[in-house]
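Take a look at the structures below.
Heads up, the next two complexes both have chain A, just with different partners, chain B and then chain C.
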Partner chain A sequence: MKSVRMVTLLVAICLISFLLVKNSPIDPIQAYIGADMLKVGPEQREKIAEYWGLDEPVIVQFFNWGSAVLAGDLGTSMIYRQPVIEVIGERFFNSLALMLSAWLLSGVVGFVMGVVAAMKKGTWIDRIIKWYCFTLASTPTFWMGLLVLMVFAVWLGWFPIGMGVPAGVLAEDVTLMDRIQHLILPVLTLSILGVANVALHTRQKLIDVMASDYVLFARARGEKGFVLFWRHGLRNVALPAITLQFAAFSELFGGAVLAEQVFSYPGLGQATVEAGLRGDVPLLLGLVIFSTIFVFVGNLLADLSYRVLDPRTREVRK
Partner chain B sequence: MIKKFPLNRKQRTLVKIIISIIFLVTVILGGVLLDEDKIVTNLSERNSAPSLEHLFGTDWLGRDMFTRTVMGLSLSIGVGLIGAIGSASIALLLGMAAATMGKMADRIISWVIDLFLSVPHLVTLILIAFTLGGGFKGIVIGLTLTHWPSLARVIRAEVMQIRSAEFVQVSQKMGKSRWWIAVHHILPHIVPQLLIGFMLLFPHVILHEAAVTFLGLGLSPHEPAIGIILSESMKYLSSGMWWLAFFPGLCLLIVVRTFDQIGENLRVLMDPTRNHD
Partner chain C sequence: MSILEVENLSVSFKSYTDGFKEINHKVISSLSVALEAGEILAVVGASGSGKSLLAHAILGILPSNASISGSIKYKDEELTAARLATLRGKELALVPQSVNFLDPLMRVGSQVRTAANGGDAVSAQRKVFERYHLGKEVENMYPFQLSGGMARRTLLSTAMVSGAKVIIADEPTPGLDPVVIKEALSNFREFADNGCAVMLITHDIESALQIADKIAVFYAGTTVEIASVKDFVGKGEAIRHPYTKALWRALPQNEFIPIPGSQPHPSSLPSGCLFAPRCEMATPECEQAQPEMRELRDGMVRCIHAT
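What follows is the complex of A and B.
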């Protein structure tokens, strides 16, 4: 059932984005030829249009494109002069390193913050964490990126200013260490902002758990502090936090777009912006489809984690 | 002797809301009323650090950053307002339609909501801005089309709940039309939810506007938008001109936070179940 829904959604997204870019003011022939447009006469133009099938009805064009996509051919990116699938594949690994590290870091730190806030509810620690999280929720990601860049790269000079690898070094000479060094600042930016959601959610859940009868009973037996949390709290709050984290893939992608732009990090986000700015239609369409699949995988993992981790949902399914 | 005015919780929340609103109105009016003379190019005062005369410093053309920031904020709030009103209207319409117009409508609308949630907001915004060729129209339409789904879900759930209430059932039995029930029974009940949802939507809309403009796909570079100011500042960061990016971003943060605060306070005021939180 879920997969049927996903397929219909994906097809609809393909169709809508295809129609959207078809109606954009950018003329595909002009975008492809660029500055040589003056040398191309009307007859040549028609020839090119015919060669690409641009003279056919939109729906036929869509099916042509759709069948090519199904066969794994997303076309050729105009700005990178490479097949779209290769551009996405190459950049996906860069982005994956960025997003995965930020995802793990913000998840763990956010969870711990939420737990601390809830266990110390009403104290100054709780108030500080709450204030911090609410403020972060209103912080523009790219501004945070600029701040991090200013402090750590310009003032302190600890890290390089942007890019994915050092400038002027051959591709085979780039070490893992270099890559990691370029990765730290974007990851830091995304993690600082990413904790808010998980922390606030975990705090609320744990406060609810702490108000329950079984915790009252445990307290009456003399359990308190960390032991109380370990025995009765952890399992109850870990699951919603994991689910939330998986469901946040969409925001993670959006954050990565901005962070990559600030740090000129060669990932998917930067490719999306470039494609949008310079009118690279095949790449833009490919990225829309790819980001949709990415978000869907996140939601799927969230569902699966529930089934694997929560015995109650398993019982119901039998 | 200072007389103390004892205020209860409700009054205190109201005072907070009023102060926040006054602050925002000042910013908006400031942006409209400040004369453009202050941001004319003044090459004799280029790149000066913050001082009493130029609170936020000046940029590489000698323009006063404080004036530019206030104008940018005013513009952002304006764009945000249009986008948020549009989104809230769509959410209200579709949320009500999903809950009152039968199973088929509900299914279709849920599907559309899923459709909009399954692409990252920023990617949708880039796509729409690309289609409409960027600029004011592109960004407003993009913002309107991307922010309604979550609020629509909330409204749908709320309407479903009211629909099964006894007074609505009685009304139905008395032969009132669907439209009459929707306007007289359901709408008044979801106005608070709608208002709160609208206020909580607003910060997201402003942040996304600034983000897309920052990426170069939103408002044109001639507008004094915050996103433009920040993306321009990137070129000057490595030369140590921190004030170009720091203050405008901080002000945007404060404005967004204020909106969020108003939304949260309204919720406390209107939603009795959260009064004890």
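What follows is the complex of A and C.
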């Protein structure tokens, strides 16, 4: 059932993106040739068009591309002149490092913030956390990215200004430390924004849990303070928080696109923007397929985590 | 000597109508009951008469929008929040009314064990489960896997393992099979005979009469009569309050006459006697002011015409 939805969704998204790019004012041939346009005569243009199959009707092009994909060939990126699968593979690793770190960091920090706010409901600390979340939830990612960049990279000079690795260093000389250094600011940007959702949700949920009948009864049995939270609060509030965090994969992906742009971080997001702006259809479609799968897997994990962690669904299956 | 004494208790809830106007619903008003060591007091009354709220008020677990006045004393000393914090679950135990009071994500065996005070919690839990005919597999179940009866026996178990001096049981028997009801009630009896006390909340007068020593009758948030079970015989001549008499007559084995009308809602309480709109004996005098609780023939009654 899930997979049928997934496949129809994929086909629809691919077709729409395909049509959008085809109807955009970008000339793919110019994109392919880049700045050397002037030196290309009309004859050569035609040859290139024929080579890429650009002279056929759009729908035929779509089916050509589609059958190649089904055979496992995503085609060749026009701007990188490399198989799409390789471009994605390389960038996926970078993006994954960025997104996973931001995902973990914002999840843990957001959860703790929500718990603290709920347990101290109505105090100044609760008000500060709430204010932070409401303000931050409405801040655009690129704006936050620029701010972080300005403060930590330009003014304080603690971190490199952008890119995934130091400039002018041979690939084999780049250390893990270098990579981490370049990762910190984008991760920070995504996490500063990412905590709001989990924190607010956890806060509200924990307030509800602490007013529930079972917490009332636990208090009637003499439990209080940290023990009460640990025994009954934590497990009842962690479950929805984990699910929420998995479901936030898509937002994370969207945020990563923007953050990667600001920090010139060579991930999937940056490649998507490049491919879109320069009319690299095979790469763009490859990325669309890939990100759809990525978000879908996130939602699937959210579902699974609930099944595995919640005894109400876990034990029934036994 | 009363082990637990509730005097002139009132509980009201703040709520807002139209978003602005704040109104106070008085759901319990000038309620007084006392619980003696060695005794089982049954609290009976219709749904919504404030029985559960009394139990929650004693244990200090009313919701935060409730305000409370009056006094609650345990062993002749005011039950303040600080004192309550040291007594809850140790000397005072609650058997709550529904399965919702069990943590949905915690195995029920562990929940019972956390209620045990000192000693070997695991064996205490296993012993009480065996006593209530709960199989060995039940301790590893989650609340959603329990039947209504199993849940109630689990709730009972939490109080039984606590070693408390006072048990407040909020409708512990519905949904149980007769064997288990008998077991639970004889547990309570045994418990009281050992010098402890039980407040048994129920709307089933019949089973209350079988094991209780005294009965407190609630109506619309207050006590209307406190009587010995011995008064409930024959046509109910020994019963003091018209409402209690009507309840007694309404039982199937008696005259089976239903009481006309219904209990007033907390938002529209009569200004005089709360029972006046339904009372056969009502006179204009009854509507002047709410009658005080007074002593009558070794019991208490809130009725100006009772004899």
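Everything that follows uses one rule, which is that the second predicted complex is superposed on the first by the 281 of 318 C-alpha atoms of A that agree within 3 Å, B and C clash if a C-alpha of one lies under 4 Å from a C-alpha of the other, contacts with A are read in each partner's own complex, and residues count from 1 in each chain.
Throughout what follows, a residue touches a chain if its C-beta (ideal position, glycine included) is under 8 Å from a C-beta of that chain, and two chains touch if they have at least 3 such contacts.
Nothing here was measured: the structure is a model prediction, and the numbers come from that model.
Aligning the two structures on chain A places chain B and chain C next to each other without any clash.
Look at A:Leu100: by the touch rule set out above, it reaches neither chain B nor chain C.
Of the two partner chains, chain B is the only one touched by A:Ser17; chain C is not. Once chain A of one complex is fitted onto chain A of the other, the partner contacts of A:Leu239 are limited to chain C, with no touch recorded for chain B. For chain A, the partner that touches more of its residues is B, with chain B and chain C as the two candidates. When the two structures are aligned on the shared chain, A:Phe142 is found in touch with chain B, with no touch to chain C. Once the two complexes are laid over each other on the shared chain, residue contacts for A:Thr272 go to chain B alone; chain C is not touched. In the superposition on chain A, A:Val308 makes contact with neither chain B nor chain C. Of the two partner chains, chain C is the only one touched by A:Arg231; chain B is not.
In the superposed model, A:Ala211 makes contact with chain C only, not with chain B.
For the pair chain B and chain C, the model built by superposing on chain A gives 6 Å as the shortest CA-CA distance. Judged by the document's definition of touching, no chain A residue lies at the interface with chain B and also at the interface with chain C.
On the side of chain A, the complex with chain C involves touching residues 211-214, 216-224, 231-232, 235-236, 239, 310-312, 315.
The part of chain A that touches chain B in the complex is made up of residues 5, 8-9, 12-13, 16-17, 20-21, 23-26, 134-135, 137-143, 146-147, 149-150, 154, 161, 250-251, 253-254, 257-258, 261-262, 272-273, 276-277, 279, 284, 287-288, 291-292, 295-296. Of all residues in chain B, only 111, 114-115, 117-123, 126-133, 203, 207, 210-211, 214-217, 230, 233-234, 237-238, 240, 242, 245-246, 249, 252-253, 256-257, 259-260 touch chain A in the complex they form. Residues 56, 59, 61, 63-64, 85, 88-90, 93-94, 96, 98, 100-106, 114-115, 141-142, 144-145, 158, 162 of chain C are the ones touching chain A in the complex.
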